[in-house]
Structure formats: C-alpha cells, structure tokens
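There are two complexes below, and they share chain A, which is joined by chain B in the first and by chain C in the second.
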Partner chain A sequence: MSKQTFINYKEYRWLVVTIVSLVVLLAIYALNTPVGGRNGGTFVGYTYGVLATIGIAWLMAYGGRKRAYSSSLGTVEGWLAAHIWIGTGLLLVVPLHAGFSFGYNVHTLAYALMVGTIVSGMWGVMRYATLSDKISSHRGGQSEAVVLDQIASLGSDIESAAREKSDAFLSLVERFDFIFKPRVEFLLRRIELPPVNQREAGEFLSRLPEVERDEALRVIGFIDQKIDLAQGLITESRIKFMLRSWLFLHVPISVALCVAVGIHIFSVFFFW
Partner chain B sequence: MSEHFEVAIVGAGPAGIGAATNAAYHKISHVLFEKGEIANTIYDYQLRKHVMAEPSRLPLRARCRFVEGSREKILQEFVEDLRTHSVTFKKAEVSKIERSGDLFHIHYQGQSCTAKHVVLATGVQGSPRKLGVPGEPSDHVAYTLSDPEAFSNRHIIVVGAGDAAIENALALSENNSVTLVNRGGEFARAKEANSRLVLNAIQGGKIRCLYNATVGRVEKDVTYVNTPEGEVSVPCEHLIARLGCVLPRGFLESIGIQFSSAEPTAVPVVNHRYESNVPGMYILGALIGYPLIKQAINQGYEVIEHIRGEAVEPADQPLLEERFAGVPGGFKENLPKISSGLPLFKDLSSPQLREMIIDSSIHVKNSGDVVFEKNEHTDSFWSIVSGSVEIEVGSSRRVTLAVGDFFGEMGLISGRRRTATVRAATEGTLLLETPRRQILKLMASVVSVKRSLDEVFMLRALQTSIFPEVDRSFLEALVKRASMKTFKKGDVLFKEGDVGDLLYVIRKGSVKISRSNRAGVDVAQTYISAGNYVGEMALISAEDRPRSATVTAAVACETITIAKSDFLGLIDQFPAARERILRVAQERKIENVVTDWNERAGSILDFMTREGLTDAENVLLIDSDLCVGCDNCEAACAATHRGHSRLDRSGGKSFASIQVPVSCRHCENPLCMLDCPPDALKRMPDGEVVIRDSCIGCGNCVGNCPYGVIHIVHDKTKKGSSLLHWLGLGEYEEGPAKAAKCDMCHDLRGGPACVRACPTGAAMRVNATQLVKIANTKGI
Partner chain C sequence: MRILYVQERRNKNGATDRLSTSFDCSEIIVGRGGASTVIVSSKKVSLTHARVFFANGQWMVSDLQSLVGVRVNNVRVASSMLATGDVIGIGDVTFSVGIVGDEITLIQGAPSDPVMSTEEELERLSQGLHVESYLPRMRTLSFLCGALVLMVWAFLPGSLDRFDSWNSGPISNAHKTIERDCRRCHSAPFRPVQDKDCLSCHSMTQHAKEHDKFISQHPSLSMRCAECHMEHNGDHGLVSKDSRQCVSCHGGIRELRPESEILDVISLARHPQFRVAVTQPDGTEMRVSLEDKANAKDATPLKLNHAVHLKKGLRGANGPTTLQCNSCHALASDEGSMQPISFDTHCRDCHSLGFDERLPNTQLPHGDAETIYPTLFAEYAKLLLLNNGEEQNVQRDQLRAMPLGTELPTPKNLAPEALKVQQAARVAEEEVFTRTGCYLCHEYREKPVSEQKDDQTRYTISKPNVPSTFMTKAQFDHSAHENVTCESCHEKTRTSTETSELLLPGIDTCRQCHFDGEKAGFVRSGCAECHGYHKSLEVPSGQKRTLTDYLRSLAR
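And then the complex of A and B:
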C-alpha cells in the first residue's frame, strides 16, 4: 500500500485535472485559426490570459489558505497538491495565451518570472520529497532536546573526569573537546566535524602519567560520541534550512511576477 | 441498689456527645461512658490537625457545636458543651451489657447500673487492621501517628488510601521522604479535599505514591512492595499502616446483635431509628458504617428524639426529598423500592444507602426514551427502581431488564464506550443513576456489592462479546466455576510452547501476542483489547497442540479464565458458538501467517505498545518520512486555541518513521479525569476528553497524565490597537491559570486543525484499532 502524500494526493486528482484541462485547451487552440494568427489579442488568447491570471491569483491565495487555520475549505495538503499541479500546468497555458510569441519586453519578463516561480517551486518539491525523511533519522528515535541533553551530559562527564588531573591531561581535553553551539555556518555549507585524530591522541596519551591513561581513553570515547551527536544535529539543521531556503526564492519571485503581470495587463490595455 | 438511668450511652465520641447533650437538654436521666479521652479518635489525631466537616451539604443538628477547625478547638468545644449541659459522665470501660426483662444491666469496673435504653457509640478505632505480612510485628511498624513532628529526615512508608493514611502522609512529607502504598489506583474512599491535597503532593513530588501496590514483607530499613511493575524495595525506617479498623464484632454479638452477613466488613443491622434487633439497644456512627463526625453527631441527636417518642426525620431528609422532587410517589414511596427492591444494595446500611441516593439522580422515562446511546462515553451506573428497560444487543436482539436489575456496569471498569443503546420499555420507568465514584466507594466498603458486581461483570462479558449464542443459565453455571486473574504490565499470561489448559477472556486492559522467529527472538504479532478472548487455539486443536504464541499484558489486565473442559463442554453443546469460535481461530491463523513475514511490523507494534498507544482513543501521529518540520500544525493549534499550542511536534519519541508527538491521546482510561475537583474534565459523546471552563487550574490532571500533554496556561486576549498587533508589537492581557490540552477541535467544523494544516500529509489521527494496520504498512 502506498501512502498518500501531497504529490499523489487522492490518486493524483489534481494532476489528472491539470492534464485534462491542458488537453482541452490545446485542442481548442489547435482548432481555432484566427485571422492575423494566434496571439494574446484574439478571443482564445484573451480567454487563456484571463484563465492564467485567475490561476496565478489562486496560486498566490495558497499562502493565505495555509494560514487560515480555522478554514474548513479542504485541507492544506489538498491545496498544496492542487497548487503544485495547476501551477505546473500554467507553464503551457501562458504560451498558448501568447501564441508562443516571445520577445525582449515586459510581457515575456512576466512569463520568465512565472517560470522562475514554478521552477523554484519544483526545486522545493524535490527537496520535500528527498530530504524530509533525513531530518531526524540520526537521532535514534529521540527528540532534538534529548540529543542536546546527551551532549551536555557528555560534557559534564568529561569535566568531572578532568578534575584534579595533571596538566597533560588538561591539555588533551583542551585540544580535543569542544563546545557545541549552533552557528549560522551550519546552515550554509556542509560541515563535517573531524573525528579525534588517532595519531595525535596517541602523542598526548604518551605524555600522560600512567595512572591517568585509562581515564584519558574514556574521555576520548566521550569526545567521539559528542562529535557523532553534534554532527547529526549539524546535518539536521542544514537539512531543515534546505527545506525552507527555496522559499526565499519562490516567494519573492512570485511577488515580482504579480507586479510584472500587473504591468503587462495595464500596458496591453492602454498601449497596444 | 445500683443506679438507674433512662439512657446509657457507651462511647463519648461525636455520636455519644450528640446523644448525651440532647438527653441532658431534655432532662432525660442519662449516663455517658468513656474508657479513654473525650472524643478519643479525634484526640488521637495529629496535633493541630485540621478537622473537616464533611459531607458539606449535610446540615448539623445538635445541642453541641461542630464546625470545621483544628483538633484542639473541636475537642475544647466538645468538653465545654458536655459541661454546660451538665452531662453525667463516667470515665470507665463497659465490660458487659446484659438484658433482663425491660432493663439493661451495664457492668463497668466492678460496678453496675441499669438503663432502659442503651446507645452504643463506641466507634471502631479500638482495633486497627494489621498488614498480615512477614516481618510485621516490629518496632518500626505502627498503626497510629499522633505527632508527625517527632519524625524528621526519615524514610517513611504510609500504607492505605483512606483519610487517615493521606493525612499522615501529608504531615510527614514536610520533613521526611514519604512513600504512600495504595492498594488501588485511586483515592476513592477519601474525602474529596484530602484526595485533592494528596494528588497535588504526589504531582509536586512531595510524596511518592505506589498505586495498585501491597506490602510484601517488612525488613529492617527496607520494605518490599508488590507493584504492577513487579516487586520494588523501598527504604523504610518507619512504617505506618492505616488500613482502617476491625469492628468489635465479638463484643456486639455477645449482646445478641445481628449482623447483615458473615462477611468481615458487614455491619450490625439497625432500623431507621438506629435500633438493633435487640429492643432498646441503639447503635450509631462508625459501628454501623458511618465514620464521619457530623453524621455521627446528628445520629446521636436523632436517637434521643426517637427514644423520647418524637418522630424525627434524619438530617439528610431534605436532601433526599429534593432528589425525588417531581417523581411520582416522592421519596417516601420510593425508598422501600430502592432499599429492598434492589438486591445489589441489600447489604448497605441505612446511612450508606441514603448517601448513595443523595449522590445519585432519579430519572423517570417513558417507553422508548433513550437512557444512553451505544458508543456514548458516559460512565454512570444505572439501577431499575420500577418499570423495565431494553438493551439493544446487535441489530436485532433485545434483552429486557426489569426491576432490581442494573446496567451500565462496564462503565465502572473499562472506560470504553457504551456497548449498547438502552431504552426504557415501560411507561414511567424509574431509574437511579449513580456516579461511578460512589459505586467504586461501595465496592470498596461493602463486600457483597463487589461480589455481585464481579459475577455480573463476568456473566455480561461472556454474554455480550464472547458467547452471545449461549444460554444465560449455562453461563451462570460457568461463571461460578470461572475465576478472575489480574496481570501487571509485562506479565505473561502464557508462553509459546506451554500446554494449553485455559481460555482467557480479557475484561480490562489489552494484551500483546508475540511469537519467536527463526532466530528465537520474540516478535510482536498483534494486540488484543478488552472484550475479546485469547488462548482458544490450543484448546480446540485436535491433537493437544501446545500454545502457538506468547501472550503478555500490554497494560494492567484483568481476565476471566475458563478451564479447558468447561470450554470444550460449551462448544459441544452450542454449535453456533463452536462455528464462530472456529472461524475466528481460522482468521487469526491467517493473520499469523501474514505477519510471520514481517518482523519489522512486529517491532513497530512493540514500540506503539510501549508508548501507550494501545490505550489511545484518538492520537496524533506524524510520519517523519513526510514531515518537513514546518510546524504549521503547531501554528494551527495555537491559532485555533487562544494562542497556545496543545501539541509539541518535535517532542516525543519516534520509531520506524512514526513519531508520537507530545499531544493528548484521549485515552480509553483517561487518568487525567481521576481527580478533577470541579469535574471540569469530561469525555464528549464523540470520545474526546475536554477541559471545560469550570477548570480551576489546580493542576491535578497535569500530574495525573502519564504522557505530559496537559499544561497550565494563561489565556491571552489582545489589548490596545489592532495596528500594533498587526505589526507584532501589541500587548496581551493574561487570563487566569487554566489547564489546557488538545480538545480534538471539537467545536471546529472539519475536525482537528493540526491535521488539516499539514501541507505534506505527515500528520494523522488514529485510533488504537488502526495500529496493527499502520504497523503492517510501515513495516514493509
């Protein structure tokens, strides 16, 4: 049994709706041969333009529906499924509206911005589909707070082990132990915490008094565990950021698209 | 010539003082005997103990004073009142009472006197009940506690769940580490205020409480306690057992007084004038099952009025009459129907019966009126006073219950939905609806109530869900031979490979079925809930096959066990039952084959059982394969619940990409509802447990919830300009503290906002019955 997700929602209901609509729109487009050639100014062209504008307005309304928490108008999951598939369909509706005429003008700019919005959206869908299962898989079923607690408790174990030890012991702890703090850097690039360097650790160990060696090995074990846990959290924060960062493109471009569509409509009616 | 009195009162406790002051007031010749102190039981209370005046609704009718206050103040007032009324008082122990002719001869300390009437009001505190465990007669085991301040920095165990145990534990917990050992799962017998205080202390960590626990053995410095999780050792330098007291039955029987039954908890039989079977001998207070001070004082007052020949109604009469307002016949005509027409309550003393009725409501129904609907979540207990009702079992079968029968008893144990719709079948059917708490109290104090209910539980459990085809008379005989077994969480009912000799019908809780795989590791297969049976396969197999699976209690369970021969006899005699049982067994075999493939599903089921999901009526789960962590669920929850999210998405454990966020599961057995003073927690007809506005923010539910899903919050309301709020700079006004938890958005069209706001379909709400399916889906 395959699970329902925002992509295959209700057995691809919105993909089917989109494909059927596109087929109908294509057929009408193909059957209709207006005088002066196909363009946005013909009856079909105007109609498709109106459809595309309504489509864009509705796609923008998703942001509102997502935050209308008391709304009983469908579910956000259903809305997202429709948002994705109908949005993708617009890639074809708009060229049909324009009769596939492009140029270096504000009209084609609007189309380019729409393509930008849709592509950034697809990028988001890809990230949702491929990354969501990787957020928490490193935590072994525990919550993030529990992992942070584990790191803190390893830290205090190391601290108490180092109490009343030789200077050499302290310098070993100082060399390998670290304080885990979230940093912006974690979000932006892949960071791999190096494991404790065995050779270097060996050198530190050889400088220790005999009685402290077992304890030092235990501390190195703690540090290794800390690195593992911290690495998991670092990766997690980067994945979480990746699941959000595409919106920093998607939303601004969509706003720019609305402005461009506004200019497009205004200019066609007043200057064409 | 010995002295003669009109009335001799034995025992200067509240009842005795109530009687003596009224006798003195009416200038009736009287004497009051007391071997110890005035109001000895109160005298033995902890110093400065605050004495309550329960039941608060009951008016005080007396010539002496009694209002809630400190032990010292109350004792002083009693002594003063005895003095101002010039009560004749003898500090002496009565050793023997004999009757000759119309007179009683009362012997005390080598002397004797005669009296026309004797009022026995000795109370029961003279003989405490013992633990009866190895190591008990010991210096550090005591049965009373007078000065809790004599102890500090000690490990102390208090055994019991009544008022005395609670008060001792609370006082000791100030300076000591106190463990309370409670035989049951609640504090049903305690006064409401005490039960609230102790639950607060347990929640606040001041007292540790072991529920469903009994003392196993006592050793020096450590006591072993049997708990549902197994035996635990508790450090203990001092143990105080407050298990109530044993009635001085021998003494009473020597006077010729009859008891209601041979049961150890039976009380002497008295009529409405408190007169026993021995004419002229009256019995009051704790001796007849009424331990509360106010009630005893009232009884003392009333008994003197009866002796004077004045017709006096008990003080609770107006409360009872109010209950029957508008009911044909009123209280007077209906009381005998309840006291002698309802066999279940036949052993209740008159005060117990009156208290039960005051707590209940009376309903008059016409033919066809619905009493309750199937699947409703109510838990009251119903008795038929007159008329009859019809229970709709299945779609076509109707079972008729008549006068004296009761129904709705499943609500007392399992916390599940009503299993059938019940309608009145006669015009003017009179029904008594008693709250669950009151019946539990009676089950704890009147043995015959518990026994009859247990038998009926077994019978109905077998009749409704297991063997509907079998005659009632056959099942009644079966019940007599069947036995009840209880299992703690994790206990094994039987192991794979064992010889099968018993059928287990699960009355309460749920069990996990597991089998070992090729590597010999136990793998969970499924779980089975209350109202079903396990263990039939080995019994019906032709060639005596051993048990094919291991069955373990998933939560604390109660089962009815039926011997193999009884079971085989049953299916021989009733072919319809046989056919159905074989069919279910066949289906279970097929299910086993299917899940045999799937060990991963088994470990998922194990995880769900560990997380308590088998008790969930409706739980939010998150598929972490789909969750993108956008927290729109929390935002939706907060937006639809006055600014506070009732779920913590990122908290809670997960396994195999099923995450259990911290959020209410609307348990089948909701522990949060155990002790809510304003009764604000309620289960709605659709199953959701909600907190109503009457919440006082006491936090009892927060402490009682094992899943940490209830929080105390202050509702926020916007203050000032909406422009500032739009900019995110607005101020809020905080409301009073209230408990908040998921209410399943029961007043929102479309259902829970969390699920509807999830963009990826990761959030889902499921019922315990869907767990196996989810485990199978996820396990692939």
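And then the complex of A and C:
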C-alpha cells in the first residue's frame, strides 16, 4: 500500500471530486446551446463564473487554513489535496465560463494569471513529490545550524593548527582550505565542491618540515570533513530553493489573480 | 623614535573601537607567528611577513620573503620608503601610514563586516542558504503584483477613459465605429444597456418604431433591444438567426397578444400551413390558409390558363413555340424573387393588340383602357386621310367587324368624315373589349350611359392587381432552389385552367428538404430562413445624416 500524500489523499478523493465535477460541467456545457453562442453572459456562463470565483476563493483560503494551527476544519493535508485538484480543475471551468473566448483584455488576463498560479503550483507539487525526502539525507539528520557550527569549528581547528606553522604549511592550508560563504549561486546551479586532491596534497606535504607533516595530514582531514559538510549544505540549500522558489511566483501571481478577477467582475457589471 | 600601532575594530553595533599599542623602537616585525611584534591573525599573512623600520632618516617597509608579498599603495614591493598617506598591504590586512618627524603611526583598517558573535555569524550564514535572502518578502512581492494589475487594468483605463482592456468580447462589425465609445451604449454604470441607448442611433428605423409600439402595448414584457441584439459576441449575436429567440414570443403569441391574427409557431415541423395573401374582389387583402380550399383562391380578375400556355407548339410570333415557366416567370435582379409579369414583355409577342388588318403595324397600347378609344379614333382618322376620303373602305371594314344587327350611335354635330371615323372607332372598341384583344385576359364593364362621352372609351377594365407575392410574410429565394424544376413545387400547373387556382406549394413540400435542426439529408432551417423580423430597417431619407455629421457624432 502506497504512502498517503497530499496528492493521493484519501485515495484521491479530491481528484475524483474534480473529475466528476468536470464531467458534469462539460456535459451541461455541451448540451447547452444558448442563443448568441456560449459566453460568460449566459445563464450557464454566469453559473460557471460564480463556481470559478468560489473555487478561487477556496484556493486562496488554503493560505489561511494552513496557518490556522488550531483549526479543526479538515486536515491541512486534505485542504492541500483539494487545493491542488480543484485548482487544476479550474483550468477548464474558467474557459467553459467564457465559452473559450479569449482576447487582449483584463478577463483573459485573469485567466492567464490563474493558469500561471496553477502551473506554478503544479511545479511546486512536482518539486515536493520528488525532492522533499532528500532534504535531511544531505546532512545526516542534523539541523542546518549544527552543520554550520561544525564547519565553523573545523575552520577554527584548521586555523589553530596553522598557527605558528611554517609558510609551507600555510600554503597548504591556503591551497585547500576555504571559507564557507553562502552565495546565490549555490541555489541557482548544481555545485560540486572538489575533494582535496591527494597527489597535489602529497606534493605540499613533501615541502613541509618533518615535524609539521602529521599536523598537516590532520588539517587535510579537517578540510575533507569541511568539504563534505559544505557540500551537503549546498545541495540541501538548492533543494530547499527548488521547494520554495515556486512560491515566489505562486503566491504573488495568485494575489494578482484575485485583483484581476475583482476587476473582471467589476468591469462586466460596470459596463453591463 | 616611536611606532604607534592602532588596531581598529568594528563592534556589533557598527561603531569603531581603537586599540593602540606604542613601541619605542625603530623596527617592528608584522606577521602571524609569535616571533612577530605585531601579530595579525590571517591565513594570508606569513609567520614573519614584513619589517617596518627607520633607516637613514626614513621610515621603510620591506618584505620578509612572505608568501603573498607586501604592497605599498597597491604596488608589490620588496622594500619601499614610506610617507604619510601610504597604505601598506600585508596579506589581506591594510595599514595606513602617518609620519610625524621620527614617529610613525600604523593604523590597521577595520574589517568591513562588524564583529559578530558565533551565533550571529551562524545565523547570517544560515540565511544565505535560503532563497528569502535574495528576494523581496513574499508579502511585498504579492502587494506589488496586485498593485500592478490594479494600476494597469483598473486605474489606468479609468483615468484615461479608455476601456479597451475591459472589452468582454469582440464587437460586431456593425458597431466597430463606436467600439471605443463604451458609454454610447452603456450610458449608466451597473445597469444593462437600455433601449434609449440603442434608439439614440436607431430611433429612425421603422423596426425601432414597430418594436417601440409593441412594447408600449405590452409593458409587462419589458423586452429590451439588447435581449435579442446581443453585443460583444462578434457577429453571432447582434442579429441572431436563432429560432429560439423568435419562438420565445411566437411560440405563444396568442397569450401575449390575444387579438393577434398570427398563429403560434414553435418549429418548422409544427408550423401551420402557409397563409397566403389573396386580394378580394373589393380590393381588400385577406390572408388565407392554403388548407382553406374555399377561400384560398386567386381573385385576380385575369383570365389565365396555364394548361393552354404550356402546350407544345403554340402559335408564336415567329412560328410554333413551346413556352417554359421562365418564359413568363423570370428571376428578378435580386435572384430571389420573380419579376412582375408585363404584357409588353411576356404577352404581346403572341397576344397582338392589333385591331385592323389594314393597319398591320399598329397595335393598341396596354395598361390604360382610357387610351383605347382615342387611339382608335386617331388611327382611323389617319387611315381616312391616307385613303383620300375613300369612305367605302372604312365603312366596309367597319361593317365587317361589326356583329349583325348592331346599331351605331348617332353622334350630333359632327362633320360627315368625323362621323365615319367615330363609327369605325366605336366598332373596333367594342370588338377589342368584348370579343378579342382585352377580352381574352380581362374582365370588362361598359360604362353607364350617363358616364359615356363621345370622345372617351366606353368600357372599363377591372384592374388585375397581380400580387408580387402571395406569401407576404416570408421571403422565398427562387435562385437557391434552381436545381429543381418549377413544377416540383408548383404542382398541377400543367393542368391548371383557372386563374383562381393557387399553384403554390404547401409547407409539406418544404419539409421534404427542410428541417428545424440538424438532421442528415436535410437543410437546417430556422425561422429566419424564410422570415425577416420586422423587415423595415430602411431609414427614411429625410432622417439620414451626412457622413460628416455621423463621424462627428462618434466624437473621434
């Protein structure tokens, strides 16, 4: 039995609700041939417009429900499942409302923004479905702060070890050690930190005074650990970015959508 | 000699602290190792990196074979004299130089970042791993997006009074010229388009007047123009041909208008039999169903025998001829209706209005009975003059044409020649009205004696008033049906002998090919296929505007 997620919540309850609703709406749409053609101004058109508006309001309400921790109005997972499937269904309900009539106007803008919102939401769903399990695996179950602290500690250890050492030792540290500074680049593209090159490290070691070699090997070990930890954080931050970045489209576009729907409703009744 | 070493540090509040150390000597070593005078904690600084010393009255700096070298004012040097304002770079640390006499001050620059606690540093690093650090707050972004939409699609159209972007659908081609003038039709906000908005342009048409009259008689219907003429649907809705619009009233017209003589119609399948307009003998028009055999008769006072006209080998003007339907019934220029039958065009070739063999090229005019006698008088007078007063000839032929026992009227006060001519004309007049010429097709009436005058025609002809169409409430497009023979629909024409027989097809004939909706093998036929709604759309010429006035009214 597969694990329940927000997609297959209660055996795809909301997918079924969406599909059944769409079939009914499509059947009514197909059977209804209003005078003057199908458009948003017919009885069926108005009805579908009202349904779509209610649907959008419901989808927006999810933002409130997920923050209402004390609410007992269904589970957040259930709300999310409805949010996803009903939202997907609106892709068809709105064209049915408009009789598949589009143009360069605020009405089509509202639909375009809705498509943008839903598509960005789908993007997010796919990201969550494929990436969410990978987050903690990159840091062995440790929190981000702990890993950063470990990196800082290793840096201090390396610095301590290098103190009072020869310049050759310093050269080795300079060559292989690094300061872990998060950059936007970590989020935007896959970055693989190279491990300490053993052959090159050997060459550096050969130039060290005999007494500093053991310490240098220990420092190289520190640097390797630091690389592993940093790599984990970099990979994780990129995954987190992919899991969060779509929201920076999804939420603002959805707000713009609400404004556009408001203008759409206002304008059609203003120029009734 | 003295060396003052000043170390600047920035605390967590961003303020700069200074820590000064004075050395009463002429030389210091700057490096990372414990052997150095000034210890700098930097991995880019060698154990013993540089030496600052006083020699020959000058302060100098020299590189102690460090890994990354020494720079003075960004130029790498092995050794260099120092002056006030110089900046010494040792690894990633800088020192500003100030020299007063034999004293030198070295100020180590504060790092750009404030000194932070480990927790703060970790927090800062942690933030750098999250997308939120690189983007505006989501709430801000959302507000900006919403505000942008509001600004561009609400405030901008409102402030510019240009609402193109609010257009809910394509404007019909007929209204393209006023497409941008929304208020021309939408005169009041939040109210459906009112009739007065439509009538501001269309009040002059007969259609509008008829509608206005209808609505004024039935205010309870509250039927607005825009309920039938739906705009913003391209060309689909403005003049819809959807039968449901017609049936919405005509399906129960008797309920709406009990006094109406129009019958309820809900579909072609349940359309009542055609009612045709027949003119009664008194000249009034009556609409009669084709099912009403007793009254569905053409009362036109003409004698027309289709059976005779369609016989083969008729005697024509140029020999034997066989007439076809279109010999007389020709399509009009609109290719839908029929041209009116004209005696001169369609009949005269065979039905000559000649009246005397001696005048083979002379025919009587057609169309006005009052011209017959004057024409005859003139022609016989001409004949008498041309025959140089040979009255016998005139008299003989007149007598030959006269039925036996006819008493000629005795005019008074006429010269003998005029009397002869008049008598001949009267004889011929009676001949064409009562036995030949006019008589063949028309019904005649002799004027009462009190109305008869010497110089006028003594007979009248019943005006035929042939209707241009019997189906006055519908249009039939003959050209659309040209692939079937006329007799397919106009049955019994070939055997029809009486004018009164209406040779019109009934609705069942139409139903052989036409059907209300979609049906394989049938032509989809709504009400508008045959009926126009209140056809009178013409604007009286007195109410038309000039193009300039019209364009001015568009305010563009």
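Keep this in mind: the second predicted complex is superposed on the first by the 229 of 272 C-alpha atoms of A that agree within 3 Å, B and C clash if a C-alpha of one lies under 4 Å from a C-alpha of the other, contacts with A are read in each partner's own complex, and residues count from 1 in each chain.
Just so we're on the same page, a residue touches a chain if its C-beta (ideal position, glycine included) is under 8 Å from a C-beta of that chain, and two chains touch if they have at least 3 such contacts.
Source: prediction; values computed, not measured.
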item: First, second, both or neither for A:237, with chain B first and chain C second; value: second
item: Touched partner set for A:177, first chain B, second chain C, both or neither; value: second
item: Which superposed partner A:80 touches (first chain B, second chain C, both, neither); value: first
item: First, second, both or neither for A:100, with chain B first and chain C second; value: neither
item: Most chain A residues touched (candidates chain B, chain C); value: C
item: Partner chain in contact with A:36 - chain B first, chain C second, else both or neither; value: second
item: Which of chain B and chain C A:132 touches, first, second, both or neither; value: first
item: Chain B versus chain C as contact partner of A:9, first or second or both or neither; value: first
item: Chain B versus chain C as contact partner of A:70, first or second or both or neither; value: first
item: Chain B versus chain C as contact partner of A:46, first or second or both or neither; value: neither
item: Touching both chain C and chain B, counted on chain A across the two superposed complexes; value: 144-145, 240, 244
item: Residues of chain A touching chain C in the complex; value: 35-37, 39-41, 101, 103-107, 109, 113, 144-145, 148-149, 152, 159, 162-167, 170-171, 173-174, 177, 180-184, 186-187, 233, 236-237, 240-241, 244-245, 247-248, 251-256, 258-260, 263, 266-272
item: Residue ranges of chain A touching chain B (in the complex, touch as defined); value: 1, 3-6, 9, 66-67, 69-72, 75-77, 79-80, 128, 131-133, 135-136, 139, 141-145, 240, 243-244
item: Residues on chain C engaged by chain A in the complex (per definition of touch); value: 32-34, 41, 43-44, 46-47, 66-67, 118, 121-122, 125-135, 138, 141-146, 148-150, 153-154, 163-170, 182, 186, 189-193, 230, 232-233, 236-237, 240, 242, 244-245
item: Chain A-facing residues of chain B, complex; value: 623-630, 632, 635-636, 639-640, 650-655, 657, 659, 748-750, 753, 755-762, 777, 780
